[in-house]
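Each of the next two complexes has chain A plus one more chain, namely chain B in the first and chain C in the second.
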Partner chain A sequence: MANITIDGQTIEVADGTTILQAARMIGPEVAPPTMCYYSKLKTSGGYCRTCLVEVSKGSEKDPRPMPKLVASCRTAVMDGMEVKNITSAKVIEARKSVVEFLLINHPLDCPICDQAGECHLQDLGYEHGSAKTRTDFERRTFEKIDIGPKIQLHMTRCILCFRCVKVAEQITDGRVHGVMNRGDVSEISTYIEQAIDNDFSGNIIDVCPVGALTDKTFRFKSRVWFTKPMNAHRNCDKCSGKAVIWYKGDDVARVTGRKDQWGEVEEFICNTCRFDKKLTSDWTIEGPKEISHQSVISANHYPANMVKPRELTLNNIKPITLIAGEIK
Partner chain B sequence: MSKKILLEHINVPGIETLEVYRSKGGYSSVEKALKTMTQDAIVEEVKKSGLRGRGGAGFPTGMKWSFLAKPEGVARYLVCNADESEPGTFKDRYLMEKIPHLLIEGMITSSFALGANTSYIYVRGEYFYIIKILEKAIDDAYKAGLLGKNILGTDYSLDLHVQAGAGAYICGEETALLESLEGKRGNPRIKPPFPAIAGLYACPTIVNNVETLAAVPSIVNNGGEWYAGIGIGRSTGTKLISASGHINKPGVYEIEMGITVEDFIYSDEYCGGIKNGKKLKAVVAGGSSVPILPADLILTTANGEKRLMSYESLADGGFASGTMLGSGGFIVMDETTSIVENLYTFARFYHHESCGQCSPCREGTAWMEKILHKIKDGHGTLADVDLLWEIQSKIEGNTICPLGDAAAWPVASAIRHFKAEFEDYVKNPSSISKVKHYHNMNNLATA
Partner chain C sequence: MIQLTSRSKVVVDKKMSFKEKLYLPAIAKGMAITFMHMFKKAATLRYPEIKREFAPVYRGMHVLKRDEEGRENCTACGLCAVACPAEAIIIDGAERQKGEEHLYREEKYAAKYEINMLRCIFCGLCEEACPKDAIYLTDRIVESSYTRNSFIFGKDLLVEKMDDRIDISKRKKEYHID
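The block that comes next holds the complex of A and B.
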């Protein structure tokens, strides 16, 4: 076991735990944001550099601070380690610049992007970015690519988090999905546009932090905040069948995995559940899904007096979770 | 004449052949190591020698070797990093081309010291002709019983393979090299674990530069203390310097560490002074990634002492007024050189070679190149120069591998020491054509 202090809060965790996992155990107020790390995918993380933290004390044995900021998602805790996240000016500066780097080539086409409202890059930008851009160079653009009949890849929006590559590697069999080229022209691709023909390929949509991978059965059907998410399950012989179905009016607009408070799915679901079961009668509804009060998805779902907008601007308060209302 | 160790026999005709190499005492360290020394004793000698990694970082080789994990029943590997791609560095090419058996001897002795039974030489893809030279030399060594099963009749067996890279600078980073060697995309790994614990095929691995391994035979033959007696302070032994740029005698020179930089640039034994009697403007002392220094700071330290060719002296003053020995790629620039143009070339290189894994390097190197392109073409603003400084400071130290640092340092040092030149480019764009002469043929024709 190891004692680790993050932003002044101490927790005892098992050896081998990463700083990020320890921070998440303490709570969202000290947990660094992540764009590429995904706890359900092995070897994910380390790429985006948003979760950089300052280690001000290495360990009880060797109290020297670490010379550089470290990626908290890939650095294991040591007993007596002291970490500064939002209490370190260096970290805040570095994170701000990472947001800037990620946005240099991101199209900022949020008004026409299906991911808007549940986009991790939007959240990161609001919380850690600056309001003005310092670049006026042309952004890189790519043609849209269909990955199979149900998934579209819009590489222009991609921030190269490699999560979908890890899904292809670890969850689907017969990997045909990877990275081509290098540097800022790196491209996620199914080699020569070969379709991923696999029952679990749809999960690359769920893990995508931005709108680069979208569900073609849902594209442009609705803004996500006009839909109402319900936890539901069905008997499925391929996956657990536990999903979230998103209603628009009386219709099931889309089906996704169940995401936890870190935006990660609890269990990966199969393509049959995701793409083909779009009737209420396909599902046993458990009840409304908890949506963070801070999420725009919750905007239309609560009586006005329950929302206190002023509180939402403070980063240091715990998000209040409420139950989405108005079940039809 | 100063001390020669690596290049002692370089001018002997036929030294690239096994017979001539052996007639000059070649492979005696293999004989000595395998028959009279224990593995630990060799590591101890290398530790005593103070030999430091010649690939650029200068990490003590003996210490690196002692970190190698030795779990029972798990293979260990020695990998030679011959992916020499740092602009301005061409010493490994020279060694491998002229005296390939020195590297092979070093690899056999070192592999024995580390307990590796399979070793690899990962050669830069563009060095295709060197691959043939190495393969021929390895073939000959096999035939002479210096490689393969029961080397020289001892219990020790070693297989040595040559692997060609495919033309990526990033594969010179040791973990990217291992990925590439395993047949994967050459992306640097996230450390820890370090290769000494889990490297090639997740087995304990040591990655050493060509020049480092080539120095091992002399250390085994003559003892670590002998080697430590050469050089100055903690910069022991000799170092190959690849001298290029505006000098009278470009080429690869073996120097004893501790000679003055002034001597190296101006003496006839080495660079032979600046070409065409021009004045020295700046030097990049250790390959394109180390900070560039103006003439006064490269010749004397900030304290007014003569700067020496050694790890410590070149680094004296930190990055504020010093640089690094790096890989020994010594690029000399005379007064006609445009620092901005030169920096643009470097920035373009790092942009092109960034692997694209982590965001600061992937996006930052491209951004810096674009801004420098703007400035060098006379469209820049003073704010662009400040922005450039900002960007490099946000890349440095925040990336997975040292390529981010390598891309940031040249930018930082050029602005630190030559800010006036950047401002001149911004304020007087009409003057730019004057300094474009050395590569722009159209301008030359009309001038």
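The block that comes next holds the complex of A and C.
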């Protein structure tokens, strides 16, 4: 076991835990943002650099600080380690630059993009970025590619997080999907637009932190904040069948996996559930999905009981929940 | 008691004199005031022949703008609808097909754009939210009508006509980000 202090909060974790996992155990206030790390996918992380943290004390035995900022998703904890995340000016500065780098080639076509409203890069840019770019160069552009009949790849929006590649590698059998070329010409490819036939290939849509991989059956159907998410399940022989169905009016506009507070799906769902079951009669509805009050999805005219109540947290004080009465 | 106005008169229940009972001097006085007004400038205008000039910040009927080449600016991003406090706007997006590049500026466009003018409170938040310079409130007045349905304005009424462009240069705001 190792004791680790992150932003002044101490927690005891098992050896081999990464700083990021330890920070997530403490809570969302100290957890660094992630764009490429995905706890459900092995070997993910280490590409995007958004989770950089400052280690101000290496360990109990060797208390020297680490010379450079480290990627918290790939650095294991040591006993007595002290980590600074948002309390470090260096980290804030570095994260701002990382966002600027991620946005150098990003087209910023959010008004068109189907991911807008639940896009991790949007959130990251809003919280840590600056409103201006300093680059004068042309952004790289690609043609849209159809990966199979149900998934569309907008390579221009891709930030090369490799999550979809890890899904293709680990969740589906036989990878027909990888990253080609190097440096700023690298791109996600299916080896000459080969369709992904695997039953779980649709999960690359859910893991994509930006709008690079989108559901073609939902393309331009609605903005996410006009749809109402419901937790629902069905008997499925391929997957757990636990999903979120997004209603537009009385119609199911799309089906996605259930995402936790880190934006990661709890369980991967199969393509049948995702693309083919778009009737209310296919599903057993459990109830409305909780929406964070910070999300734009909650901004759109929700009954008060559907929006997660505001939580106040101060260093070591346990979350105080302000319960909002139902507004009729 | 504090006097609210200097023109208030104390009403007294006294008997009128003979001169007052005749009413003739009072009528003459009243007619003189009426006659005097014939030489004063009229407070009203002969609308709709003559229209009063509105302040540049006046918020009237909306317009959906086209760019210089006549393509619609709106890309159905839905920010106006989510900003609208009265929930007056309904949008449906659609994908631009090949051959429609001269009609719509971006690859997505608003297939349906409806504003319920009875719901609208003309606050201008849609204009503020628009990232594409597409919607503006103008100095035009929403005309009255007898049926509720006729107040739901679709794209046929909102999108500006190419031969009748609407000048919104006075309403355009410059934002500076540092």
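Assume the second predicted complex is superposed on the first by the 300 of 328 C-alpha atoms of A that agree within 3 Å, B and C clash if a C-alpha of one lies under 4 Å from a C-alpha of the other, contacts with A are read in each partner's own complex, and residues count from 1 in each chain.
Everything below uses one rule, namely that a contact is a pair of C-beta atoms (placed from the backbone, for glycine too) under 8 Å apart; a residue touches a chain by one contact, two chains touch by 3 or more.
Treat the numbers as computed from the prediction; the structure is a model and nothing was measured.
Novice: Which of the two partners, first being chain B and second being chain C, lies in contact with A:Met1: first, second, both, or neither?
Specialist: It touches nothing on chain B or chain C.
Novice: Kindly classify A:Cys48 by the partners it touches after superposition: chain B alone (first), chain C alone (second), both, or neither?
Specialist: first
Novice: On the A-aligned overlay, A:Ala131 touches which partner chain: chain B = first, chain C = second, or both, or neither?
Specialist: Touch status of A:Ala131: second partner only.
Novice: Taking the superposition as given, does A:Val296 touch the first partner, chain B, the second, chain C, both, or neither?
Specialist: Touch status of A:Val296: second partner only.
Novice: I want to verify the contact counts: of chain B and chain C, which reaches more residues of chain A?
Specialist: Here the partner covering more residues of chain A is B.
Novice: Which partner does A:Leu160 contact after superposing on A: first (chain B), second (chain C), both, neither?
Specialist: A:Leu160: touches chain B, not chain C.
Novice: Using the touch rule from the top, collect the residues of chain A that touch chain C in their complex.
Specialist: Residues in contact with chain C: 109-112, 116, 131-132, 219-223, 225-226, 296, 299-301.
Novice: Touching chain A in the complex: which residues of chain C?
Specialist: 75-79, 81-82, 87, 93-95, 106-108, 131-132, 177-178
Novice: Which stretch or stretches of chain B touch chain A in the complex?
Specialist: 168, 170, 185, 190, 192, 351-360, 362-367, 370, 387, 390-391, 394, 397-400
Novice: Contact residues on chain A for chain B in the complex?
Specialist: 45-49, 52, 67-69, 71, 74, 76, 93-94, 97-98, 100-102, 104-105, 134-135, 137, 159-160, 162, 178-179, 181-186
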